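One chain, subunit A, appears in both complexes that follow, with subunit B as partner in the first and subunit C in the second.
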Partner chain A sequence: MKNSQLYKGSLTTIVMKLLEENGRMYGYEITQKVKEITKGELKITEGALYPALHKLEAEGVLEVEIENVDNRLRKYYKLTEKGTSETVNRLAELEEFIKNMQSIVNPKLT
Partner chain B sequence: MKLSAEQIEKLYQFTRQHYVEYYDLQTELVDHLANAIEEQWQQNPKLSFQESLQIEFKKFGVFGFMDVVGQRQSALNKKYNKLVLNELKTFFSVPKIIGTVAAIGIVFYLMKQLQGDFWVVQSFFFVLVISYFAGMVILTQRNKKRNKQNGKKWLLKEIIFGYSSSAGLINLPIQFSLHLKGENYHDGFLLLFSFLLILLGLTEYIMLVLIPSKAEDFLKETYPEYEIVN
Partner chain C sequence: MKLNKNQIQFIDGFLQRNDVIYVDIRAEMIDHIATGVEEKMKVEDIEFHDAFVSYVNSNRKEIFSMNKKTWQSTLSELKNYFRFFLKPKSLFAVVLIIMLFFTFRKTMVYTFLKEDLSFYFLLIFLSYSMLSMIYFFGIKKKRYYFIERSNIVLSILYWINLFLFKPFDKQEYISDVLTIVFMCLFVVYVLYAINQINKFFNSKMIIK
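Now for the complex of A and B:
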């Protein structure tokens, strides 16, 4: 991930937001989607994505579905009911954070 | 171009060679690698299977899959602890709480009567500890046998059958029982003691009997693929 320290704390929120928009997704699809949206600026590393997904799953935020695709099993993640309401909270938190960062980085002169 | 069944099997082998023991994790990583390789072939059809696999594996960093395995382990340990806690809670809510309170009462009464002969209480603890270890050994053996039969390991199953993070818990009763002496203990202390004894007994029962007996349900719930491949 580009400048990973700054993005690290937001990874789970990014994943939840994507799942909220797209319904269900699998790991590789998530990495590609982020790359596509940010035009390659932000790359989620495999080593960070799967632990984040597994943690959210253990917390009951995500649930999994399995499908047989192209000779192999594919694991899809989607938000649980708890996850859907949690996403709203986390997005609000993230927006608040962005706003605060903006006022620190670009303080308006009064 | 899509990967063949044979190449998928090679990817499974590759994950095993890189210390991913568990089928649930292998499956997810195999699909990831397969997608990535197919994507590479679209950009550059001349790349060989091995070449593109190495390129993708490098993206996981110097520790390879170790990080993913480790984190998955801690996530599922947490899940297991939650399962134990949830079962434990049922013993402290209606209707089971009646039995729990009664059991605490009986132990309390016995201890009050047996204060002079604390060796009796100590042997209770002794039985608890011994049966815990014996139970763990039996469960582990049984699971090993089953694994040999179908060759697939599931992380949550390993945690349920034998590998348990709470082995340290059992140290507590040993310490307790060693410090007991035949003195006149305060009622409050005896009550607390009875409570702890029952709590440990229940935890042991849940870990060794209850959860293993429901293991199939927990596994199916955690792994949708469990039924497909077993």
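Now for the complex of A and C:
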């Protein structure tokens, strides 16, 4: 992550957005997807991702499905009903934040 | 190329030797490392051992940060427990306890209960810990973070209860309020623990 502090507050929203688009995903898949979308600009570390996933799971935003895949257990995360509506709110908040930042950083574009 | 059982066991052994003691945490780490190693083997066209060493060397810090337990995980467990109060069965239990208090407060039953409340906390704490130890240590020979962390909530409640009751022992009104509050905390904890254990056994996290 180039400047991790800038992305820190948006990590859970990023994860929820990805799960909204992809249905269910496992930890490694999420890190790779973010890397792929941002062309390597944003790298989510394991130390940040897993605590965030566990926190969202405890809050009832995510639910877990465990499957035996290729000789090991794989934990898939997906949005709950509450998580789906929460994603809409968080994305709206993030968009608003981006808009505000845009008007501060580059007022000509707004 | 997919890893075989022996290679997965090799990763498991490596994590165990590096103090990743909880099976549920280890399972997620194994899958993460195994997927990374498989990708490395495919992209760089190398053997398992070389891919594993290279993957671990370049990601060691991040891998083991998955096993780090901070005060935040305790806080998150406590939040989870207090959120459980909003469930209909918890609300029902709270209403029932308050009704029972007003029905029995002038009787001996209530006096005994009030005097021995700390003992009931201790009893359930010890029983829960002992049963967990016998089942997971003795029979399964595995430790699960999901199970052990819910013990933290009970021990915190137990110590707060001990700390608060003594100073207000002689003040009837305050000790009555404390008795109701702690009875609610105690009964809802039992419901919470049952819910957590159920959730655990319904997931496929138990490894035979």
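In this section, the second predicted complex is superposed on the first by the 108 of 110 C-alpha atoms of A that agree within 3 Å, B and C clash if a C-alpha of one lies under 4 Å from a C-alpha of the other, contacts with A are read in each partner's own complex, and residues count from 1 in each chain.
As a convention for this text, contacts are C-beta pairs under 8 Å (C-beta built on N, C-alpha and C of every residue); 3 or more make two chains touch, one makes a residue touch a chain.
All values reported here derive from a predicted model rather than from experimental measurement.
Asks: A:N106 in the overlay: touching subunit B, subunit C, both, or neither? Say first, second, both or neither.
Replies: In the superposed model, A:N106 contacts neither subunit B nor subunit C.
Asks: A:P51 in the overlay: touching subunit B, subunit C, both, or neither? Say first, second, both or neither.
Replies: A:P51 contacts both subunit B and subunit C.
Asks: Which subunit A residues lie in the overlap of the subunit B contact set and the subunit C contact set?
Replies: Touching subunit B and subunit C on subunit A: residues 26-29, 45-47, 50-51, 54-55, 58, 64, 66, 68-75.
Asks: Give the list of subunit B residues in touch with subunit A in this complex.
Replies: So the residues of subunit B in touch with subunit A come to 2-5, 8, 27-32, 34-36, 39, 59-61, 63, 67-68, 71-72, 75-76, 78-79, 223-225, 228-229.
Asks: Per the contact definition, I'd like the list of subunit A residues that touch subunit B in the complex.
Replies: Against subunit B, subunit A makes touches at 26-29, 32, 45-47, 50-51, 54-55, 57-58, 64-66, 68-75.
Asks: Which of the residues in subunit C come into contact with subunit A in the complex?
Replies: 2-5, 8, 27-28, 30-32, 34-36, 59, 61-63, 65-66, 68, 72-73, 76-77, 79-80, 83, 203-205, 207
Asks: For the complex, which residues does subunit A have touching subunit C?
Replies: Residue positions touching the partner: 26-29, 45-47, 50-51, 54-55, 58-60, 64, 66-75.
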